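Both complexes below contain chain A, partnered by chain B and then by chain C.
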Partner chain A sequence: MEDKDEDAVRGTSVEPTQVETDLSDETQDFRLLSHLNLYARNADQGHPLQANANTHIRSSLTDTSSPGLPKRGEKDFEPNPTEHQADVLSKSRQAMHDALAHPRLHNLNSRVIAYYAPDGPAPPPGIDIEDPARFGYKGVGVNVHPDSCVYVPNPKGQYFKTTGQSDRWNRVWLLPEEALFLIERGSLDIRWPIEMTAAPDDESPEELSIPMSLQAAYACFMGRAGLTLERYTVYTGLKRTGYALARAPGWDDSAQVEGLKDQSQECASQRPLKRGAGLAGILEQIFSWAQDPLSTRSTAAGPVVGCGMHRSYNNIYRQLAMIPWYDPSLAIERDPLDTCPPFRVVFHAYRPSTPIKKSAWPAPDFRIAVVNTRETASIPTLAQLGALLESTPLDPPSGEKMKRLVYMRLRHGYRNVVMAVVDQGIVSYLRISDAAFGKEKLHETQSASMGNKRNGNFRGKKR
Partner chain B sequence: METPTVPIPISYVSGRYLLFSIDAVTYLRREHHICGVLIGTLPQIPQQNVFLGLPLELMPEEARLLVDKGVACIVDETKAHDGMKSLLEEDRRQYLRELDSQGLEASRKLSDRKGQQREQVLKKLDEKAKAKAIKALENEGEADTPASPSPSASVLDEERPSSKASSRTPVHTLAMGVTPPTSYPPLAQPTSSQHLPPPNVPLSYPLFAHLSSRGYFLSPGLRFGCQYVAYPGDPLRFHAHFLCVSAEWDENIDLMAIVNGGRLGTGVKKGFLLGGPEKSRTEAETEAERVESVRTFSIEWAGMPPCHAVSGSNIWSAHFKPGESFGDETFMTIESSSMQIEFTLLSWSPAANAGKMSMSMKERRIALSKWSVKLWAYSGHSRNSTMKSGIGKSHS
Partner chain C sequence: MPIPRTSLISNSYLNMADANVTIVAQASPEADPTRVNPRPARAPRPPRPNYRLIHRFPLPVNAHPVPPVIPHNPLSILSAALSYLSFLISRPSQEIHSAYFDPATSSIHVTDEKAIRALWEMGFFGKGSLSRSEPSWLEREKKRRGLLGGNTSEEATRRRREERRALKLERARSEKLLIDERLKLEAAARESGPVAPSVSESTDDTAITIEKFSVKKAMEAKYQESRLRRSQNGASVPPADSPESAQGKSVRFSSVVEQKEATSTSTAPLQGSSVTDADELDIEDILENQEHLQISNEEAFFLVYGLGVLRVFDRDQTTVIPTSTLLPLLRRNSYFPPHAEASELNPDDPFILSYVVYHHFRSLGWVVRSGVKFGTDYLLYNRGPVFSHAEFALIIIPSYNHAYWSETEERRKYVTSKQSRSWWWLHCVNRVQAQVKKSLVICYVEVPPPTGPSDDIAGLLSQYQIREFLLRRWIPNRTRD
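Presenting the complex of A and B:
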């Protein structure tokens, strides 16, 4: 029954009407959820005959012909002392209580059992590996992440398509966030390690392994290997809507580029940018242009456009274009670690349609940096933002639509990154892209293929 | 909804404050107007972001308020779970038995429910088939169509007996696996000596505590570009009224921030509320003292009057006019050399006490430097008496 509801919910996410209204905007009316509840304390629960007559909400929701997420409930402006309002409120609260009290159950046929490994990946007990270094971390397997802390001895079901990595004994190792998400959604039964809870003289330790509570899972996994609650909130938020996620190389905040270790504490973005082509380089260009008499030689004495015959406006515009502009496609790519945490990509996100091979993750659809408002109160500086953008690969606008529509091109930009800003559990996603206004010559609007040849008009003069 | 025993343990996990017990969540919401933010996945509908489940994340302010009230205590959950290692054999077995019985109950309920649902569906099918048969019969009466009645009749005959038989057979008898939400039991509640000190709170805590003491429900405000969103009642049922931003009394406030906040608030049909304690952290000994001295102002966008130039002045100046038609509202006009912005400064007080305020507001002045505003008040009375007769204290 749970699966059916899940499918129904999933099916609607593509429905256009549902997408337009942002349902997550405000607190939801949990009364609309009561049809899903096993333990709903309604008097009519036991009497299906009355159930239909009593609650039109439920009957409309259980009607399979209109599957969908319940819409946002109606709200009042302010409290008044009427009994009606108090009644509705207490019903709402009861419904919320019931929805949240729903247990995480594991059907005997389909349950997946996992074990917590506090010390990280390790081979099964009793097996010695001769040459551990050959097989990745502790000889468990080359793909197994050293930060993994939960293993599934007998993986089955759909969840391991994009999560976890299997070792040499076909056990799947899960990262803390993966394990926590699976236990939270009720799909995984994680057990305390047997040696941690069972006395050694037990005859059947398998039967006596204690299931981990959700609270225990949070206590054990949160804070492990760089997993903050903010990162986890972003992870689950995207997982719930169907994205696949993987850790990015910038996950570890303390990690730095090899060659830069001597300047250890100094952040990449605080070092002066001498490359010229970066976001900050544009300022340098302006100054050097203003000071350099050579670049203005032709126009120092006379008009900018100059005298003579002018046969096309384009030439005039081109001569008028004397402000240097920033070309993101020429910026030098940075190492992802050459950025300033938290403005650093920590997650790679993939659309559900992207085919995924766990051993070799494809290029991500989105790169996500996670920022906690309580720790980072201000918006990033231009240098931090520039470094963040330059750490992502060039992603120029492509496709027929982009070629046609100049504003689409500007919006898409040449590099982009998603910044997830988390304020105490509430996430806002911002897409930041590196637009190239200088590349869009509005005086040449008729064709879309103007791109490169006029790209360095001013630049050429200068160099 | 059971009332949990106080103090309610708040889990301190990796620097954040979480609640895992549903009874605690409901109780704190009902009795103490603490909502928190649900961040977990609901196991019954895991693939959506509209309805979320446990755990509940509390702001440090919320946790602090509860601790100060003596309703809650902070427990280092990571340390508490080390207790799993020293669990007694007896306790472990009993805990497993308990989980087993929970699993049994769940599977029994589930099978009951399945039976019910099946009955309902079959009943509907029955009715449909009957209606079809009747219709077909009617049709037959009018136009002689021999083909239609036979299949519907066969549906009626076949479905009925089988449905009754299957609905009565039990589906599950084995206990299902259960993942409990909390670890208490099997762990024993930590004693008061193991509790952590109250959480550190940001400078905005006094405003938070003040609004909370006035009955408002507060939630984090990033969504609306502010620090807290204030709801007049439970957010389950009511829309928010205020976007709140806290400032220290002597803090320079960017005028643009006020203008932005005012516009933003008006755009989402909420008031922009600016407030903070009169006492700084150096002046007050405890946070509670700061909470006592909180004053709040709400700003509403009144419109854009025509531009008019004030020559030779690059200083923003502002003055209050007592608002007669608006009860305790007061207009504030800010002028600069080239433009004039006017918005309403609304003394904020519980609705019951509206109207008491206009006198003291009349004498107040606000001086604004070019781009930053320093809100300061002076009147015939001393500061203290202003405060007492003023906005913050009007509740008593």
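Presenting the complex of A and C:
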């Protein structure tokens, strides 16, 4: 599944005009996979110690110098009676089965064992907390996310750079989605709690612990502490693409801002968002009257611009501006919990290049809300969407290019959020931004450059 | 097409590459011009009209700029004063166009030739009833009768579509040929029995390599060909395909298209020479413009109320409908069937919502036109459709945040039904816009609670508030680095 996506990425660097055709929408010709597998097998022979064929495919793909990627095949749009087509189909199918049947080996050296803690974070057995009163809940002294339910006593490997939290006994605690993701990709061996499976008088309980099956892991973790299948789909999808993810404060659907009523009322009264009327409007009217006394302007019955003499088109446009519009740069930032689930940021996503410190997560590159179309059948109303965007920080267009190009500025917007719309397992990501058209008086910038469409970030030739 | 050969590529893959190369070598040079020049220059078009000059006024309102006053230049002061004086003595009059409201179709028509030109050229209002957008029926008709040279956009589109369709037919034909050939081969292989499984293997490989007919390539080849033809015009050799190019997969054009081309090229100069000026005049007298300009109700109200350059008459074309009654009339007519005259106006009727949005974007300087061809409410053009493609496509969704709308259960139900749109609908609209390279804008209009009848239009309009969101597909693979 990797190659086509990689292709798409590479396509952007080579030919910007083709970018808009999204290759991930196509079904793929699995015969191409067999070429890849061949490559992976070759590499396997070179390094017999390497454990996972998957990582090989990945490395061969990300290595841009490898010229071995085959070109995409031709596409038949309808069945025809030739044996050739049947052959192609069966070969493709076989290639897929071969790829799936390829043995995935787990190296003993890289095995990571974890333990399931159904009751949440707890100190290691045998250690008593001296002063339980100092801590509020049962996760005393552990200092990790209370929803964590799996701990790794002996963490190693690259995955713990961005997942999990360490407690003071040097164990890494994993959240349900993190544990599920790792067990699913074969990087973690989760054991049932020893107390559940071993008699108390047994010696060396380590050896007697029972591994948890994938099915059991799904049963245990899915639905635990707000983890829905939709959220997990988004989590794994982005994780596999290379992003690092962390839960956002809005994870818990039931969480509300305390004293919500007062605050929202205050907000509403504080928001001077209406533009066009007000002092500026009055001044302008006086000004225009002084400048153009012959004007017979009447906004009540029209014509708005009057039948008089006009000095410039800019004046006409200014007189026409009378519809109030929302100015995102004046809005007050909301508490992330002052939103209406599911239109609430639940994940913070980080690009692979963003340096991450687990103790202090940096500001996220993307904020992601997850919506299940089968539960929320309608697209958000203005109140829901507005609240969602106001809960994100102001991110006005900046940079030399944005300053020059009106279209780019408008497309970027002042706040933005990514909404993952999950429909029965299919995820569509939408980037929603607050575009302030009212801030761009097009008539004043008529001569300025609009932004070269050909060279725009994702624009190609118009069809 | 040339594929880098490495040790990693399997054997069959090498075969494939080889076969590909041989096929390319077989093809006649003119059949594969894309190799020489990946983007052949198109046939030169007739020069475009000077749109900059034609559409130099953004609105059908005259503006008379005062000459700039430069303090240290007394002459400039003089000229400014002069211009003031001249305006005082004889005020330039503003042309007021007229249109009429047709209650049968709930639409507004402009029939006056001068008004049609003015409204189209200054601000791109309306659409020709028999044209795609600019009213060009008369011109097309004249051309059809051979009176004028040049092209209208509709003709260009039609010709392009015809060519495309012919090429697609050709593609289907060649694909069918390929399949037949392959079937024959397979049958032959079966007859020869289990003699050589390697034979079937090899046919397989060549089969993969047979180049498919590509419409895009064919179009490019065609342009190349026509250019070639023009360059060797003196020789006037008929551009018949050389026999060696007729080997199946090389690019050829169906006879239908070629015939058409031949007729079109031969008739044009002929008519140009034979038709005299007198004839032209004659036919022009007979030809009556049957087209009118249809302006959308929002455009009409904007021209009347916003700019004051239009008068809307009623059906009999006798009395002018005043602005104060035009608004309720258009609002009632935004439903089908139109609401009765006595009925109360809803604060969220389609007309007022779309007019608020229309007025807002017009006042910012955009040229707003209907987006119905892309499944949206509006398209936003910068300066106008003749200058550039629309960058933004807009959909309008009402919003009911005011406390009034959530007071009773009935109202809540009504509001929910008005606000709800399915995700599938949104994805559809979004994908269409991505396909035509436009950015989708969702424009929420905040609806106020109903108010009593009032003559203050500005007061009414300023109760609505607009908030725009830009929507775009986010593709994680592309934003990763």
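The rule is simple: the second predicted complex is superposed on the first by the 269 of 463 C-alpha atoms of A that agree within 3 Å, B and C clash if a C-alpha of one lies under 4 Å from a C-alpha of the other, contacts with A are read in each partner's own complex, and residues count from 1 in each chain.
Note that in this section a residue touches a chain if its C-beta (ideal position, glycine included) is under 8 Å from a C-beta of that chain, and two chains touch if they have at least 3 such contacts.
Bear in mind that the values here come from a model prediction, so they are computed numbers and not experimental data.
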Partner chain(s) touched by A:Val418 [first = chain B, second = chain C, both, neither]: second
Chain B versus chain C as contact partner of A:Phe181, first or second or both or neither: first
Partner chain(s) touched by A:Gly242 [first = chain B, second = chain C, both, neither]: both
Partner chain(s) touched by A:Arg168 [first = chain B, second = chain C, both, neither]: neither
Which of chain B and chain C A:Asn107 touches, first, second, both or neither: first
Which superposed partner A:Pro352 touches (first chain B, second chain C, both, neither): second
Touched partner set for A:Ser428, first chain B, second chain C, both or neither: both
Which superposed partner A:Thr373 touches (first chain B, second chain C, both, neither): both
First (chain B), second (chain C), both or neither touched by A:Gln94: first
Shared contact residues on chain A - chain B and chain C: 5, 9, 24, 38-39, 70, 88, 237, 241-242, 373, 421, 423, 428
Chain A - residues contacting chain C, complex: 5, 8-9, 12, 19-20, 22, 24, 35, 38-39, 42, 66-68, 70-71, 73-74, 80-84, 87-88, 237-238, 241-243, 273-274, 276-277, 294, 299-307, 309-313, 315-317, 320-326, 351-353, 366, 371, 373, 377-379, 381-383, 385-386, 389, 406-407, 410-411, 413, 418, 421, 423, 428-438, 440-444, 446, 450, 453, 458-460, 462-463
Complex contact set, residues of chain B against chain A: 1, 11, 13-16, 18, 20, 22, 25-26, 29-30, 35-51, 53-55, 57, 59-60, 77-78, 80-81, 84-85, 87, 89, 92-93, 95-96, 99, 102-103, 106-107, 109-110, 113-114, 116-117, 119-120, 174-184, 186, 202, 219-223, 232-239, 241
Chain A residues within the chain B interface of the complex: 1-2, 5-6, 9-10, 13, 23-30, 33, 36-39, 48, 52, 69-70, 75-79, 85, 88-89, 92-94, 96-97, 99-108, 111, 181, 183-187, 189-190, 192, 196-199, 208, 210-216, 218-220, 222-223, 227-229, 233, 236-237, 240-242, 373-374, 421, 423-426, 428
Partner chain A, residues of chain C touching it in the complex: 3-4, 6, 8-10, 13, 57-59, 61-66, 87, 91-92, 94, 179, 182-183, 186, 203-204, 207-208, 212, 304-309, 323-324, 356, 359-366, 382-383, 388-389, 391-392, 397, 399-401, 416, 419-423, 425-427, 430, 434-437, 439, 441, 444, 446, 455-459, 461-462, 464-481
